[in-house]
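What follows is a set of structures to go through.
Both complexes shown next keep chain A, but they swap its partner, so chain B is in the first and chain C is in the second.
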Partner chain A sequence: MATTSSSSTPHRHLISDLVASTLSMNADSEWIDALLFTPFLTEQALLYEYADCLAAQTFFRMAGLPYQLRQRPNVDFISPTGKVPFLKLNNVLVAEFTGIVDFVAQKGVKLSAHLTEVQLAEMMAHMSMIDLLLRNIEIYVVWRHDETFSKITSSRVASVFHWPLTVILPRLKRREMIGYLDDQDWATKSMDEVLEAADRAFRSLSSQLGSCEFLMGDKPTEADALLFGHLYSIMTTQLPCHDLQNLLKKYNNLLDFTTRVEREFFKR
Partner chain B sequence: MELDIWPGDFGLPSIDVSCLHFLACSKFCASPITYVTSTAPWNSPTGEYPVCVDRKGKGKPICDFDKFVEELRTNGQAVVIDGGLTPKEKAQIDAFACFLQQRLQPAVNHTLWADDLNYHTTTHYWYTSKLSFPYNLYYVERRRKRVLRTLANKNVNQMMLDALQALNMLSAKLGDNKYFYGDKPTSLDALVFGYLAVLLRVPLPNDRLQVHLSACPNLVRFVELIISIYLPSTDSKQSKSNTFWQTRVAKAIKQKEASAAQPKEEEAEDLPIRDAILFGLGALTLSLIFAVHSGIIEIQMEEEENPIVKD
Partner chain C sequence: MVEKEKVIFCLPEVYRNDFIFDQLIGLINESCDCQTASRTPTIKMREPTKTYHRADVLWGKANQTPSIVEAVQFHGINITKNDALIKEVAELYRSNNLDQLVHDSNCAAKHLQEVGLMENATALIDTAQSKEGYIVNFVVKEPKPFTFGVKAGMSTQGDADLSLNAAKQSCFGRGESINASYSNTIKGDHSFNLNFIKPFLGWQKYSNFTMSLYRSMAHLPWNQSNLDENAVILQYNGQLFNKKLLHSLKMNSIWRTLRVTDDAAFAVREFSGHTMKFSFENSVAYDTRDRPLLATRGLLGRWSQEYAGPLGDHHFLKNQLDFQASTLLFKDVILALSLQVKSVNSLGSKELHLLERAYLGGNQDLRGFGLNTVGVRADNSCLGGGAALAGVFHLYKPLFPPQMLYAHAWIAGGSIASVRSKSAIKDMLEAQRSTAGIGLTFVFKNIFRLELNYVHPIQTVPGDSFTRGLHIGAGVNFI
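For the complex of A and B:
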């Protein structure tokens, strides 16, 4: 196909194809020794990476699946798609939150099984919103915002390397991420426009949550895991620009949701 | 205000997905915008259409869909778009806009720009025939590269599966209703319409998404309804160009089938031809060298000798 031939990383397609083809074979094997690989969460992971790692953990806890956390410095090099986190079950590697959710669904564990088709569409829509809009906002703040980059991002990326990589790698990565933002038409946005988008995302999620316990009613779904991962990361990560946190603080039900999920799934 | 868009074809007012978004949205609220079909995208600040310009000189040109909707809402149009919706419905519209962007947009872009057969049969031909010569090659190449870059990390099969799933979900969400929210079209309807109309109407040889879409009767009905109410086609030469495109697509499909039927033979033929040419060249060189050395062909150096005699 066209993209495979012209893409810069053909081997990644090959690997993910291999993983995809082995998925169906291994899907019914037992859930033993599930390992979730993440970067060092306190020293290395960036805002959006932390959010995804936390979302995956929340998902396992909501689904009642036992897992062990393994923090490694080079997870993005091991991961089949180059993104964190990834799950290792027996010999299968599954990367990223959506990939893990699909994989677990193939094993018959679904948090959203009770929803109707229309509700499912709404849930997917909100997951897209978190995955696309909220993540782009986080990537923008982490890489594009100069002060955040120089004070936080570059030192976290460099934390697991030695000189001279500590100087080179953050710059290379920054160029790559700004290229990514540029392709999404995000690189030219001003901070105000980004915050406006963030406000829209929070407002939308807040009114979907309403006074319910979870996004889709009184039972947790995959969307709640993802939402909790991102909101908790935004609330607890100390960044030079507090605008994102201040925006979030306007939405009380989102804050209540975060504390509720934390209490129910992480503090037992 | 003035909205610059790509020209239309195939019974659509514009060929481009985002242009259709803008068009449909402004038609929904009966806005007095003048539509200019234009083929000079270098005039736009982003180098792309659509762009909405205020000729009276206030405000920046608008290229972003959300900002355009905001502009339509605040500028006191006859019908306020998304006006009678509850906050929860508005929240869902925002979420579904992201959903379309994440699930459907990559597959549509891939179908139009990254799929080699589709690109060469339709997209490339259409854009190059509308733009003038040296610029057209630059433009299509630049736009294609951009699309390929955004799709670089994606698995094609996964992308198509996502899109098919998204179509199913949209179909379930629409149900038997006329529009997605209530009996008035919203900005979400404009977005869905843009993607689906292009998929439905543009003739393409690799039509996996198109086939799936035409199997969702309510989505097809939805697109036809919006075209007939809001964007009726005024093009009279349409049937003529349609037959042209149909023969072009049929030809491409035939070629695809032919190449799929005998890929091994081609490979087998390929090598001997190259070898034969190399062998022929080698033989020719050797015989020339032999001919020169044995004196069958004589090379005379008269011109160089003459000046020496004179001196």
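For the complex of A and C:
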């Protein structure tokens, strides 16, 4: 799996290749002082960033790997791919959820080791759906939806800067992110179309989950970590548009899944 | 005593050679509508015939000759405002002997050019009707209304760039100038610089107000990163204590974006991103050097402070002391000593930002070391320090062409203390570096200096980026 499945430019791919090659070289070093760098989660991180940071933490907790959280205002610049979160293990930096999962797998820790080839492919498909579809929906709401941008996004982005950057940077970032959505053919979609896509994603995830405890049966996998990160963030983030939350509330088994994972991995 | 009929031709010092003298005669002829022009310093004016002489004919001999300035006239004024001219020459009316008048007229002409009011100015002192009366004429050429230039070049990183620049001197008729430049590289980076200077006019007044607006991009090889800056800078330059000290005040507001490359150490990465810097600088200097880039004699003492906070992301206090002394040894050998001390203290709880630290090393201070590489390192990146000291002893022997090419021998020493240092002086004493070398130094006016040196190490610390051998240094800020 590519380290940065959501990356858009060839440049990004190049960096992820570099990181991947460092990975294989250092994969045998030990798991000591693992640091997970994230933006300030309560004041700064945006919906999809919060989701990815939470997913990475969930993954570590599910895999029983100790880590420490470090919150920095400039994590997007420190990160080798420009995306959050990233893991620092000794001198190795690994960015983004999928990158971290691959890195940990190279160290011999796999949550999905018990799955068959077919199940593994299925899990990958779910992960890339969450990673692409769900994240794009969140990016759309955060940056493209005018009210959300002006009431929430712009002040969260500005929270770590001083004037006049508080005015300049949210706008620059918005232009960049709308450019990204445009590349994915998302910028011109209407809110209704986006919500319809979200409903489809939730429905498919809900039917996969069925009455099982986790997506792939009774044991948690990487896909569950990612799914929990996104669902929990959508449920708990206060946004001017409640449509996404209301859509999710229709799927009871997804809500139960969220409370279950939270109880099992974060409240013990 | 000097004859009343004599008319004095007063030349600014710089024009004392015959070629330019002839050109000036032509200029005067034009502006006075003269019928006959001659290649000799004697020319015919309208009525009556007047003879012009150079100022040195009577300079120093007429301090007893009383003079009253009846009028000051300007020839060649189109855009310059009347009140600006009055401020510039009012002092001439105070001169009470001919010697002083010659001297002051010369000074006024020089000043008109130096503040940017005129491109050329020559004072001519004419006799007037009354017995002790004189009329001072200034034959002037105003700056071109507008200049424009296009330039294509290659940057040091091998990137081709195209730059445009435009300038307007004395744009509102009071010596104000505007300079604008824009450059674009093939890679798509663009930078610009907009500069506005307003001189404060008055008798022998050298002070001005400057405003700059710029966007720049730089590669910082010692940190393995790139820096983009967008800045607004306000500056006042003036003099203190009866014009003995140079004084400047500066207000910086800079939006900086530090982008690291893949090779940068984590200690550098941590500082990447956007920051806003608001700072005030104050600098006082005593300067008697005859030439800033390579003084043959004179002293420089400068103390500058920079304070950042409470606005912006940076909170620090910086101090820098510069001292330079030059003197002639034997007949033409120049002995010079330069010293530079820098210290930066963080005022907030945060660690001092990488970009604000004191750096040392390079061909302009501690020759032979990589640029800004002395001190604490992490992987291949240099992290700078909290205090730095550097000193250089120079011996120069002029070669041909004189005032341009010199044989140069030097010995340089320096040290740096880390940001976290408890006792900066002790740390600096423990990690001294010194190098010596010989080479050639080329100085082009006040524009740039080029050094070619063979460098030999005397004291280095393990891990230093030092290479014995030939080094080339170019720039303006050499110590």
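The rule is simple: the second predicted complex is superposed on the first by the 250 of 268 C-alpha atoms of A that agree within 3 Å, B and C clash if a C-alpha of one lies under 4 Å from a C-alpha of the other, contacts with A are read in each partner's own complex, and residues count from 1 in each chain.
The rule is short, and it goes like this: contacts are C-beta pairs under 8 Å (C-beta built on N, C-alpha and C of every residue); 3 or more make two chains touch, one makes a residue touch a chain.
Only a predicted model underlies this, so the values are computations on that prediction, with no experimental measurement involved.
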- prompt: Hey, is it chain B or chain C that touches more of chain A?
  reply: B
Query: A:88 contacts which: chain B (first), chain C (second), both, neither?
result: second
Message: Once chain A of both complexes is superposed, is A:183 in touch with chain B (first), chain C (second), both, or neither?
response: first
Message: In the overlaid three-chain picture, which partner chain does A:204 touch, first (chain B) or second (chain C), both, or neither?
response: first
Message: Output check: A:77 vs chain B and chain C. Expected answer is one of first, second, both, neither. What do you get?
response: second
Query: Across the two complexes, what residues of chain A are contacted by chain B and by chain C?
result: none
Task: Could you pull out which chain B residues touch chain A in their complex?
output: 46, 64, 66, 87-88, 90-92, 94-96, 98-99, 101-103, 110, 114-116, 119, 146, 148-158, 169-170, 172-173, 175
- prompt: Which chain A residues qualify as touching chain B in the complex?
  reply: 1-4, 6-9, 12-13, 16-17, 20, 81-82, 117-118, 120-122, 124-126, 128-129, 131-133, 179, 183-185, 200-201, 203-208, 210
Message: Help me check something: in the complex, which residues belonging to chain A touch chain C?
response: 15, 18, 72-74, 76-78, 80, 88, 91, 93, 161-165, 168-169
Message: Residue numbers of chain C touching chain A in their complex, please.
response: 255, 258-260, 262, 266, 269-270, 272-274, 276, 311-313, 379
